[in-house]
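Mind looking over this structure? Questions follow.
Naming follows writing order (A, B and C), and every chain is counted from residue 1.
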Amino acid sequence: MTGGSKPAQLEVRGVTKAFPGCLANDDISFRIEPGEIHALLGENGAGKSTLVKIIYGVLQADQGDLLWEGKPVTIHSPHDAREMGVGLVFQHFSLFETMTVLENIALAMNDVRDMAALRQQVIEVEKTYGLPLDPDRHVYTLSVGERQRIEIVRCLLQNPKLLILDEPTSVLTPQEVEKLFETLRRLADEGCAILYISHKLHEVKALCQKATVLRGGKVVGGCDPREETAKSMAEMMIGQKLTAPDRSGTRKFGDVRLDISDLSLISDEQFGTDLKGIGLKVRGGEIMGVAGVAGNGQNELFQALAGETEIIGTPDCIKIDGDPVAHFGPRRRRRLGAAFVPEERNGHGAVPDMSLSENGFLTAFRRMALSARGLIREVPTRSFADKIIKTFDVRTTGASAEAGSLSGGNLQKFIVGREILQDPGVLVISQPTWGVDAGAASAIHQALLDLAAKGTAVLVISQDLDEIFAICDQVVVMSEGKMSAPRPMADVSVEEIGLLMGGLHDLDGDVTLKTKELIEGDRVGQA
Amino acid sequence: MVRLEPRRQHSQAMVYLSPVLAILMTLFVGGIIFSFMGKNPFDALYTFFILPINNSYGISELFVKATPLVIIAIGLSMGFRANVWNIGAEGQLTMGAIFGGGLALYFYDSESMFLLPAMFVLGAIGGAFWGGIPALLRTRFNANEILTSLMLTYVATLFLSFLVHGPWRNPEGFNFPESRPFPDAGLLPVIYDGTRVHLGTAFAVLVVIAGWILLSKSVIGFQLRVVGKAPQAARHVGFRQKRMVWFTLLLGGALSGLAGLFEVAGPIGQLQPAISPGYGFTAIIVAFLGRLHPLGILFGGLIMALTYLGGELAQITLGLPNAVTGLFQGILLFFLLACDVLTKYRVRFGTPAAKGEAA
Amino acid sequence: MDWLIPLILTVITASTPLLLASTGELITEKSGVLNLGVEGMMLVGAISGFAVTATSGSAILGILAAIIAGMLMSLIFAFLTLTLMANQVATGLALTIFGVGFSALVGSGFVGFAIEPLPGLHIPLLTDIPLVGEILFGQDFLVYLSIVMVIAVGFFLSRTRGGLILKAVGDSHHSAHAIGYSVIKIRYMATMFGGAMAGLAGAYLSLSYTPMWAENMTAGRGWIALALVVFATWRPGRLLAGAYMFGLISVLQLHAQSAGVHVPSQFMSMLPYLATVIVLVIISSDRAKIRLNAPACIGQAFRPAQ
């Protein structure tokens, strides 16, 4: 490879980048050839995003060089990067909700051209690559998949020589993923180099020809994903042998503890999804998974269950241990033994500027009797926080540390621990291991399994199908505010869940036939 | 090259140090301004900040001026903690004075010992009423309380002007725009002979203690802080933002109203068109100077009271315009806000670690 | 008809400072910055303009001084909130408190000074047209400037790439940063434009509206300008209408009194403030509309994430 006839499209040489208190990139080197699909693998916090930002000119490396087509380059800004021919599809989209597709594309173009010409170009690129988009639609009316299409189209318009995709599939259905891959393969055939960042190893195996693995900011290895197993790559990423969660012991399900029936709700969010006739029963001891692409009503469902949204008029549509609670606020639901963990840790599940002590008090003061006569009881409050820290192995300087000073995994352990120690009858948890390192993730999974084993009804809302397959007993899928019928984990496949995520609501009867029809229909639609 | 580097944890030392730093910087800039105005900066600063309190009467006057500032600032700080920006305390103060003072004028020949307590109650109600309007408009109609509470201040001031020019003008008062003097039963007793330190000052101390318990020890205070720092977390656990809007605006209004009543039933003794030299606005600075903490506010109130006394003295002895006080207050608030950054960030010199846009 | 033309003339002069200040604040807010210090910037603009005009004898120099003074004030605000990430609400209040004190201090030497008010245009023939001539062609140039500026801002926001970028920064600073726009720099510029316009509004007050200096002569107009931006739901066209509506309300009292309406003057003086509250209530209660039009990042500090 080295000194070959043709220089690499991009070569990264000894790139180092330090932030206060952490070395995000430590002497990273690798190269991408033209037309190659190259995976950058690593856990959260391995330094992938920092590296991408350096290549895209958002950050500058402290040390090291970038070589573009063999020549050293300095990339001062995204503008420079785009000028060179680097395109980036962001993990968290860089879109403007109240603007149109065309305006969004125009904002990310370097050279100002007139809008009519740009519109023409957009339509051409869409046709060429089969990425239909209406240039005049406002972004807030689009699905997540369509939003990603905007990002891709606006990269393609610049005729990129290197396209970077940062975790592009976390928001897509398996079928959408397949479509994306087709586009990427085609681009690679045309000679575009692709840097594909992911932690989803099945996908990397299916798509990429080379992989560079990062851990703790360092390159720990490279491989050809086609010759590896997902397990072997995962172990490279994590640096240790994988242990599956312990699901031993026979699971016995008790009475229905969380009963949702015909729950409908108009979203009060600006760009929200309405809930339509949701029905679901979760028994004691059972872990129910709610799968689905983000933005299909999961947030609204969580808010309705947690009492952030109160439903006046139909108290019966949510019952906790038989008590109608839909008209109650969060505090009364918690008093009945329910507990909730939202997706966002900072500012939703915890107050970053407050101490862990105070964050423990936040949801537990009633159930754990941490207040008396309207005043905070200091000693029990502190010891409750200490107990969470100890039981769930939260790495911190102590109960008076601010929640915001903890790493994502440790804060998540604290939040989950806070709810579990309150001994809930029903636990609703959203994205339990989102952005959490593997160690913390497996600890959290184990804690949820243990909690269910004690008779709690657990509802896990997750976009991560691997997670749902790892811990759930049954699964339902949300799509456009509707919910499918529950299916036991044992007899459902990833493909079926994928179809449900894409909007098919009834999988009874001849599944295979319907699947076939749908896929065929899809092909027709594309042509 | 100077840059800011986030701290993992707020610096406790800086929480206490930054107001001190701000005061020192204000004094420094103040000295420069004085020398620009052709005064010896040291003389001027001495006149402004030392001379007013080098005798016991001066110190007692400091307490008199600090009383309304502290009472109002405690109320406002609760709101600021919860992201409720009541900046209409001046109007609530005026309404408190009108309500409570109106009672004293209605019973202008009363000798009842119940008059004064009844004035307290009405003063608090008047202020709470005026603070309750922005609360209603915010919770019911989503109207920004910053603008509504401020607009209502203009309305209250004009209303007071109308009263003392019209129906409440003293019939025996040579047509001056002033009310009758309050009856003795409607005046606050002086608690230290030979000074103007009145019952309200003692009340201010009580408010500080109660405010401290409310904020740091009580569940309501906890709710206030959560609503302010993380509204979504508050919603998640069922701390209702609307309730906090009502609570802080009514509390802030009631305390401002009481402060206004204390002014008219204390140092002033009647209603007149101008009953406050902007206490309601200065109290905003006091709240920040005290870092929105009741004990800090006590000190902040004393310091800002000193700028009033110093301003008056500088006007008499140095011929400086009274506006210098306001200028000082504004500069102090700037420096306070600027120094606040030190609690969350470290200032570093040298090459940047991250490409900072603001650098 | 005798009363109508003077009424229209006074409405124009009462509306112009509101229009100037709120046009500036509109741009500031569109970039995601809430500067509540308009009142303070106007006051400092007013005294700077007046002092320079009174000492130099040149109104043009005075107006330039007012613009520069307003920009310097907004620069203090921008430094505190954008560079040091101080709370925007508190800093805006500080700016107003500072502006009141500073202008009073500088102005104490200018109380009672008299200057020539800004001359109105006089275009032969046009200005002499009966009835409409003076209204359309006889104003001083700041009046025309205020209208030109609001139209220019409308064009800028809806038709230019610069306007698109400004809106993008106000809508999502993280996205704008990610695709390579300098959020802080753009916000600095937007804030300084707001300061310049507020300074100009102040100069209009002290040089044209009442050609003299008085402490606190803005009398809450800066705050009303802020309310106007909400009233207009951040759209320049409605801003123009709103400013003139408020101008009308604030001069109505004078005309009502001369027309023999017997209401105490204080109640008439309350009208603009009460109208502001009422208008805010009416506009704000349409939450969906506010949310769709308000810059999503307004008032939020931005620090590029690592």
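The rule is simple: a contact is a pair of C-beta atoms (placed from the backbone, for glycine too) under 8 Å apart; a residue touches a chain by one contact, two chains touch by 3 or more.
The structure displayed is predicted, hence computed values, not measured ones.
Chains B-C form the pair with the most C-beta pairs in contact.
With centres computed as the average of Cα coordinates, no chain lies farther from chain B than A. For the pair chain A and chain B, the distance between mean C-alpha positions equals 47 Å. Work out the mean CA point of chain A and of chain C, and you get 45 Å between them.
Rounded to whole angstrom units, the spacing between the C-alpha centres of chain B and chain C is 28. Multi-chain contact residues of chain C (touching two or more other chains) are listed as 177, 304, 306.
The residues of chain B that reach two or more other chains are 6, 354-355, listed in rising order. In chain A, the positions touching at least two other chains are 19, 58-59. By the touch criterion given at the top, residues 4, 6, 80, 85, 87, 137, 140-144, 146-148, 150-152, 154-155, 158-159, 161-162, 165-166, 281, 284-285, 288, 321-331, 333-334, 337-338, 340-341, 344-345, 354-358 of chain B touch chain C in their complex. Residues 161, 164-165, 167-168, 171-172, 174-181, 288, 291-292, 296, 304, 306 of chain C touch chain A in their complex. Chain contact summary for the complex, chain B toward chain A: residues 5-6, 8-10, 213, 217-220, 222, 225-226, 229-230, 232-233, 235-238, 240, 353-355. Considering their complex, residues 36, 40, 76, 80, 82-87, 89-91, 93-95, 97-105, 107-108, 177, 182-185, 215, 219-220, 223, 226-227, 230, 264, 266-267, 269-270, 273-274, 276-277, 280-281, 284-285, 287, 290, 303-304, 306 of chain C touch chain B. Interface of chain A with chain B (complex): residues 18-21, 58-60, 62, 306-308, 329-332, 334, 340, 342, 344, 347-354, 358, 361-363, 365, 371, 374-376, 401-402, 404-405.
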